[in-house]
Amino acid sequence: MQETPQCQNMIELASKIEAILLYAGGSMSLKEISALVSSSVAEVKAAAGELQTHLEASASGIRLINDTGELALATAPMHQELIDALRRSEIEGPLGKAGLETLSIILYRGPSTRADIEYIRGVNSQTTLRSLMMRGLISRAEKQGDRRSFVYSITTEVPAYLGVSSAHELPGFADVRAQMDAVLAAQPTEPA
Amino acid sequence: MDAFTVRQGEFEGPLHLLLNLIEERKMLISDVSLSAVADSFLTYIKEKTAFPVGEASQFIVVAATLLLLKSRALLPVLSLSDDEEGDVHDLERRLQLLQIIRGAAKELWARSRMFIGGGVSITDPLFTPAPDLTQVALHDALVRVLTAVPMPHAHDEVEVQPVISLNEMIDRMVTRVQQALSLSFKEFAGGATDPREVVVGFLALLELVKQGFAHVDQDGHFNDIRIEYAGNTSVPKYD
Amino acid sequence: MQETPQCQNMIELASKIEAILLYAGGSMSLKEISALVSSSVAEVKAAAGELQTHLEASASGIRLINDTGELALATAPMHQELIDALRRSEIEGPLGKAGLETLSIILYRGPSTRADIEYIRGVNSQTTLRSLMMRGLISRAEKQGDRRSFVYSITTEVPAYLGVSSAHELPGFADVRAQMDAVLAAQPTEPA
């Protein structure tokens, strides 16, 4: 970055974002941050991009998760073993096949109901969904216009869990999405 | 823990089984491959004695569609209704989606993980209650949460016999075969009004052949199937 | 820092320290860190000094605190006002559904681990626990004999604020408690 006044502004904003995320922990939306720092969402977004590039280029042990409008600070993927040793006592094991499959459906299909997921898996997925919620990898919201049905979405924990700043960086992400879309679009019949 | 495999206690359903059978044969998902793996699928259901609560019916639904396909492959007289065609397409579509997802999920296995920071430790909290902090609100919140916890029934498997209807049909078949000693499948199927009945009859016939109760001949690819009674009157059971 | 092999080593160590402290949230001793990274205390100390200098020299919003052998990450002093505003915003407003649920579990059950709370709620509760701590409604302590696992308890102010001398006086205490014990007893040993 060159030290123009505008640039200086962005460096300061990036520094503020870093401090906010360190202090609060977890993830925060661009909108929440923009309210705190009294800057526009677009400015926060640009500064977040700058911060991400900077952290990745430096030798820092910290990375920025920057996915679907949410930001979070996370440990760099190269330190996984080290952090595993630190958290040994509170360990939940790695996700099993059912967990990864269900997570993949929500990741690649987009927000999904339990019926959408079971249509593809052909098995009751209630326990798996609950386990993913406990891990903080998915969240659920009431379906619009139907209070008895829930829609499950990916959280910011997912890119972190998969070691990328954003899900779009996953190898083959766009390909898999396109394949899913093609099959889903082929016939309009949706599960009841 | 190190391999992308099914964990103990995890349950794989009929679609996983079908996809495994098709992929083992290096086939593409189509009515042809579905029909080709129908026997293996049915053998699996018969050999498996217990399914988790509520899962057996999923297998039966898929089995019915497979039988339909298999029957059509062997009996050109059998034409499927629009609903049945829809079932077949739906099954193919579900398998295509599962195949994509399984491939994608495998790629997500064992990636280096990042851990989101939990925030700076709070050393100087300031007691800040809120207006909604009341005895009643706390009690109600807890009751709501406790009611929503599903009671686990992972080991609560029930014995099911997905072949019950099959056994009944075999009883009928045995009687018919004994009466005629030799009849064509067309004659046999001629008495059925529902194509599904033809299908179950066909399955029953395959079973009789396997068990050695009947001999089946088919002269050419689209010719009628001839059934002959093999001389044993006892009825096979699967229990 | 020059890129001599020794220097490269120190950069790596600094990166590890940064990741460990981000994850830990609180402070850790040089000794604990040296055991985790398999380096001597002297090496960790040198790398920490390097990290401290680097963070101060850069535009980072993060600082390393080195207080008599205890290391911790903190927000840069220049962002103090911003962090104060963030704190105020976090303790504003009602506890909400998540806050009430989490607090009631700890209140009726007594000191609880995060795993127990999450099993009962069926959702990840890290953020909610932090917000309750920030409001001074709960506090956490290390689990006996397990430095990295925490137990959450009600602060003494809560029963006083609710007008009871102990949790036993809360509405439906015996019933709810029995139901909760039954739910936890049925917990499968390995979640799916």
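Chains: A, B and C, in written order; residue numbering restarts at 1 for each.
Methods note: contacts are C-beta pairs under 8 Å (C-beta built on N, C-alpha and C of every residue); 3 or more make two chains touch, one makes a residue touch a chain.
This is a predicted model, so every value here is computed, not measured.
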Exercise for the section: Compare the CA centroid of chain B with every other chain's and tell me the farthest one. Expected result: C
Handout entry: Per-chain CA centroid nearest to the all-protein CA mean
Key = A
Practice task
Report, in whole Å, the distance between the mean C-alpha point of chain A and the mean C-alpha point of chain C.
Solution key: 21
Problem - chain B and chain C, separation of their C-alpha mean positions in angstrom - result: 46
Problem - Chain centre separation in whole Å, for chain B relative to chain A (CA means) - result: 34
Practice task
Mark out which residues of chain C touch at least two other chains, giving numbers and ranges.
Solution key: 22-23, 25, 73-75, 119, 122, 126, 130, 190, 192
Exercise for the section: Would you please write down the residue numbers of chain B that are in contact with two or more other chains? Expected result: 7, 10, 115, 117-120, 152, 154
Handout entry: Complex contact set, residues of chain A against chain C
Key = 11-12, 14-20, 22-26, 36-37, 59-62, 73-76, 78-79, 82-83, 85-90, 92-93, 96, 98-99, 127-128, 130-131, 133-136, 139, 157
Fill in the blank from the handout: In their shared complex, chain A is touched by residues of chain B numbered 1, 4-7, 10-16, 52, 54-55, 58, 62, 86, 89-90, 93-94, 96-98, 100-105, 107-120, 150, 152, 154
Problem - Complex contacts: residues of chain B adjacent to chain C - result: 7, 9-10, 115, 117-122, 125-139, 141-146, 148-149, 151-152, 154
Exercise for the section: Over in the complex, which chain A residues touch chain B? Could you list them? Expected result: 21-27, 63, 65, 72-78, 80, 83, 87, 93-94, 96-98, 100-101, 103-105, 107-108, 119-124, 126-127, 130, 156-157, 159-163, 170-172, 176, 179-180, 183-184, 186-187, 189
